[in-house]
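Here come two complexes built around chain A, the first alongside chain B, the second alongside chain C.
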Partner chain A sequence: MSLDTRSVTLHLGLIAALIVLGFVLPTYHQGNLARILVLATYAVGYNVLFGYTGLLSLGHAMFFAAGMYGCGLAMHLGGVTVIPALVIGLICAAALSAVVALLALRTIGVAFMIVTLMFAQSVYLTALYLGEWTGGDEGFVIAQASRQIAGYALTDPLTRYYAALSLFAIALLITARMMQMSFGRVLIGVRENEERTRMLGYDVFRHKLAAVVISGTIAGAAGAGYAVLFGYVGATFASVQYSIFPLLWVLLGGMGTTIGPLVGVAFMFYLIDYASGITNAYMLIAGAVLVLLTLFARAGIVGEIRNRWAPWLP
Partner chain B sequence: MTQTPKTSRRRLLKSAGAGALLAASPLIGRFASAQSSAPIKIGFQQHSTGIGAAYGRWYGRTTDAAVKMINDAGGINGRPVEIIAEDDGTDPKRGAEVVEKFSNQHGCDVAFGTLFSHVVIGSAPAAGEQKIPYFVVSEGHHVASGALNRYTLQPGITDVKSQVQAMAPYVSENLGKKVTMIFPDFAFGHDHRDFFTAAIEAQGGEVLEHIAVPPAETSFTKYFPKIPRETEVLYHVMVGPAVLTFVKELGEFFGPSSPAIFGFIDSLEAVDLASPGLEFLEGTYFWEGNPRYAQADQTEYDQAFRAAVGVDDNGASVSDPSDVSTYAHMFGCWETLNIIKAGMEASDYQSAADRQKLIEAVEAMTEMPESMQHPQGPKLFNGKTHQVFGVQYISRVENGRLVKVHTTSIEDTLYPDEVDYTTQSF
Partner chain C sequence: MMLLETKGLTRIYGGLRAVDTVDYTLAKGEIHALIGPNGAGKSTFVGMVSGRIPASEGEVWFDGENVTALPAHARIQRGMAYTFQITAIYARLSLFDNVALALGQRDKAKVRAALDRVGLANRMEQIAGDLAYGHQRLLEIAMGVAQTPRLLILDEPTQGLAESEIEEFNTLIRELAGDTTILLIEHNMSVVMALADEITVLETGKILARGTPAEIHANADVQNAYLGTG
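Entry: the complex of A and B
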């Protein structure tokens, strides 16, 4: 079996398994998995920049929030229906990521991290200052009745699950395909040796710019998806912790792997969910597990599987 | 072929279980009149971690005390009450997940408890979708403003709009009519800015200056020169870890000649007034939802409430005087749980199928006299807005203690309805 065939089989197989899971999972876990899929979409977007291009952003929450507020405000204040609102969210995230990329890509390394962090903080504070429209730190609720597509209520658990799965599947397939194309190979080249890639004649800046925009837009799609599927928009999602989360998820799942983000989000979600049932100090348990994983699975869960047993894993 | 009964581990455990049940028979007898003796499960959305952890700790203690009182009196409809606590991390995303967990995993009858507004607003859609009654103890205006849904109610604590509005008559009559407001530049501060400005103008006063402080600020000296010289009252509602710095710097700025100072105790909930740097607060005034220090005219209900929760006359834990309570808010858990009990009994609540009947029963409530169920004071519930109204207290810092100087009427706290949830379908 060729690498491409294996890759296609893996991704379609994963999506097929998730389709089946929607029918067999108990309601509680079905709801959890819907959330996990939306957040995994966010992580997939982050992975494009961090995992494949090697650019560590500490401000991705601004793109998630741009999609969330763009979509949410269009529905809440503008009375726009779900599909156009999602498109508005995507446009907001794409526009913001393009502007941020043009400015932040003038820096590299630690400076890039700091600049993205500062931009994200500006977006967070803007959301607070414009409280008259955004609800500030309290946020706002998107009316339950408006959260439907073609008569299908996104508040219905099964509909919501498949909507979340659709979002994730699109992001996964786009990135998986992208990494098989020459564009994706160049991104990996930038990550591995930027100077060499430049000397080979590739326009590194343009590729990095495209990576930030694609990454930010996918993150924004996740934010818009969260708003319509779960009905809440708030500044918390623009705060620094929501910039750290995708970094953590991707590191846990395996940076530069297509399915690593999903594995990372699911692992972290259930680790907290179960540990919080044991003790209030559940973050201590989560921290200890993360330290152990960092020590013994440095490439992340999927990355370690790839290193040890399945080098073909995309 | 017949099998000879033999002692197995499972059989032994069954026998032991039956023995344990017999041993517990007095407890069973107490709940015997119920159609089902299964416990009423109340999901407690608790701020165990995150910025609301101090509130969560005391909300937890109050909840435990209230449940003990309810169970000692026979439970609800003859069934014991069981609290299922889940930490929401003071985070709206986790809050919504916790509400779903109560409904789908734990099989809770209702959810209750949370304080921070963003967690309430983030969780309310999940409550509406799960169709689980969600009793919040938040004091936010979100419920009464109509922003949430029919499944979300706030019957055990008043909201910030009514609290702020009720302060204006006392402030204008006793402290001054020219006010300068210092507030954090986010929703909590904006609520105070908007509601108090309107309220003081209705009393013939005015706000000379609104001074908004960015949320991440750690030093406040540069904001104080903006306070107009003719200011008669300085109204402050700073919250968070920087509040001690705020008070200290305010004291250094004004020295002994300051205008009258009025604040909300939210700034200093769970903070010891004897903390270094707070000496400047001597002689200043605070809104209190419930007086932290036992007052000279303390009611028997407040006395019993303190004893049940484990709070001394200074508002601190009886086991650790440095562990100061969130006394101005935590009574809301006690009162809310008693309202859930009253609502379930009025609607003959038996199972989750009766959740709508429970909501309708609570919506039908009106007057709640001061009692062991309502130790903070009498209340008036508005079923249309799902919001309770009640008396508010103003205290003055005297010798390092908060001494009550004024009690508002319930009428001072009322405002026109902004929503009628009863018109919404379930």
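Entry: the complex of A and C
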């Protein structure tokens, strides 16, 4: 099998397996996995920028939140139905990421991290400041009756699971395809050697700009999806914690691998779930496991598998 | 017909004029060598030509167009290619990926053909960083050639190459000549003498002499400044 066929088989196989899982899993895990898939979509978006382009953002929560608030407020205050609300969420995230990119990409390295962090903090504080509409810290709940697409209630666990899976599958397939095309290879070129890439005639700034917008828009799609599927919008999702999460997920799963983000989210979710069943100090167990992983699997779970056994993994 | 022209090109570092009001022309199809002692300003000069280093003063004209204000990538898109003095390949990517990025397309046959020109076609799937140093230099040259540039700037291409590889390099450059104009910075005088149609000698940022290899060899100033009296 050629590299491209293997990669297509892997991604379609993964999606097929997730479709089957929806039928066989008990409701508890179905709900968990729906949440994991939405958060994995967020991580897939983050991976475009961090894993493939080599730009470390500490402010991605603002894009997640832009999608979430754009979509959630349109439904909550504007009475917009789900599909147009999702589109509004996407537009908000795309617009915010374009503006942030134009300003933040003037910096590199640590300065880029700090600038994105500061932008995200101002988005977070804005969400709190506009509490009259956003509900501030407490957030707001989107009415159950409005959370439906063409008569299918997204509050139903199975429907919600497949809606989450559709969102994730679209993000996964788009990014996987993108990374096989010339555009994606240039992003990797920027990550590996920016000066060389410029001296091959590529407009590095424009490629980085596109990477931020694509990454931010996918993160926003995840935020909008979260609002619609779980019916809650709150400022926590704009906080610095939600900027650190995708970094952790991608590092754990394997940066610059297509399926690493999903593996990272699922691993961390079930690690915390399992540890909290044993002790109240579950973060202690989670922390120890994370330290061990970073010590002994520095490329992340999928990254390590790729390095040791399967160099073809996309 | 001039492919490249610089007018009063200058680069000032602090108080030092690393390249000092250089007026230079390069005719289409020529192989031109730029020589001079270390610190003469050769790399700075080609850096300004390619846009890597902004000029402090002066102008760069490429194929009748003033490109002084253009960023590096735009000059490359207009038909320049640049190989670095210190090898700058994608060390963690395969040779295929390296050349495909230079080509701008992922066409296996074309990548193979480009690698074949430097004898690396059978290593297409290998990771570039695993190659021996000389092979990395050859890969870098292959990437420059793959861009089918009109002006190919080579900064010390034969540094670290074995004698046999230098022979192959000379053959490759002769094949390219005619279609491609070549600006070559080189310390290895036998390469310069074997390849160059014309030579420019740079010293402390200024052009000391310009002429055919025979003229340069006979030039008393050059002998004193650079070649030694032997």
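The rule is simple: the second predicted complex is superposed on the first by the 314 of 314 C-alpha atoms of A that agree within 3 Å, B and C clash if a C-alpha of one lies under 4 Å from a C-alpha of the other, contacts with A are read in each partner's own complex, and residues count from 1 in each chain.
Here, a residue touches a chain if its C-beta (ideal position, glycine included) is under 8 Å from a C-beta of that chain, and two chains touch if they have at least 3 such contacts.
This is a predicted model, so every value here is computed, not measured.
Model built by superposing both complexes on chain A: chain B and chain C fit together without a clash. Of the two partner chains placed by the overlay, only chain C lies in contact with A:204; chain B stays clear of it. Of the two partner chains, chain B is the only one that A:231 touches; chain C does not reach it.
Applying the stated contact rule after C-alpha superposition, one finds that A:307 touches neither chain B nor chain C. Of the two partner chains placed around the shared chain by superposition, chain C is the only one that A:182 touches, whereas chain B remains out of contact.
After overlaying the two complexes on the shared chain, residue contacts for A:192 are found with chain C alone; chain B is out of touch. By the touch criterion defined above, A:129 lies against chain B but remains apart from chain C after alignment on the C-alpha atoms of chain A. Of the two partners chain B and chain C, more residues of chain A are touched by B. Of the two partner chains, chain B is the only one that A:137 touches; chain C does not reach it. Using the contact criterion defined above for the overlaid structures, shared-chain residue A:146 touches neither chain B nor chain C, since it reaches no partner. Nowhere in the superposition do the C-alpha atoms of chain B and chain C come closer than 39 Å. Interface residues of chain A facing chain C in the complex, by the touch rule stated above, are 182, 185-186, 188-189, 192-193, 195-204. Of all the residues in chain C, the ones that touch chain A in their complex are 50, 52, 71-74, 76-77, 82, 84, 88-93, 97, 100-102, 104-106, 143, 147. Chain A contributes residues 26-28, 31-32, 35, 125, 128-129, 131-132, 135-142, 144, 155, 230-232, 234-237, 273, 276-277, 280, 282-283 to its touches with chain B in the complex. Those residues of chain B that touch chain A in the complex are listed here as 48-49, 86-87, 91-93, 96-97, 100-101, 104-105, 117-118, 121-122, 124-126, 128-129, 140, 142, 147-149, 185-188, 190, 214-216.
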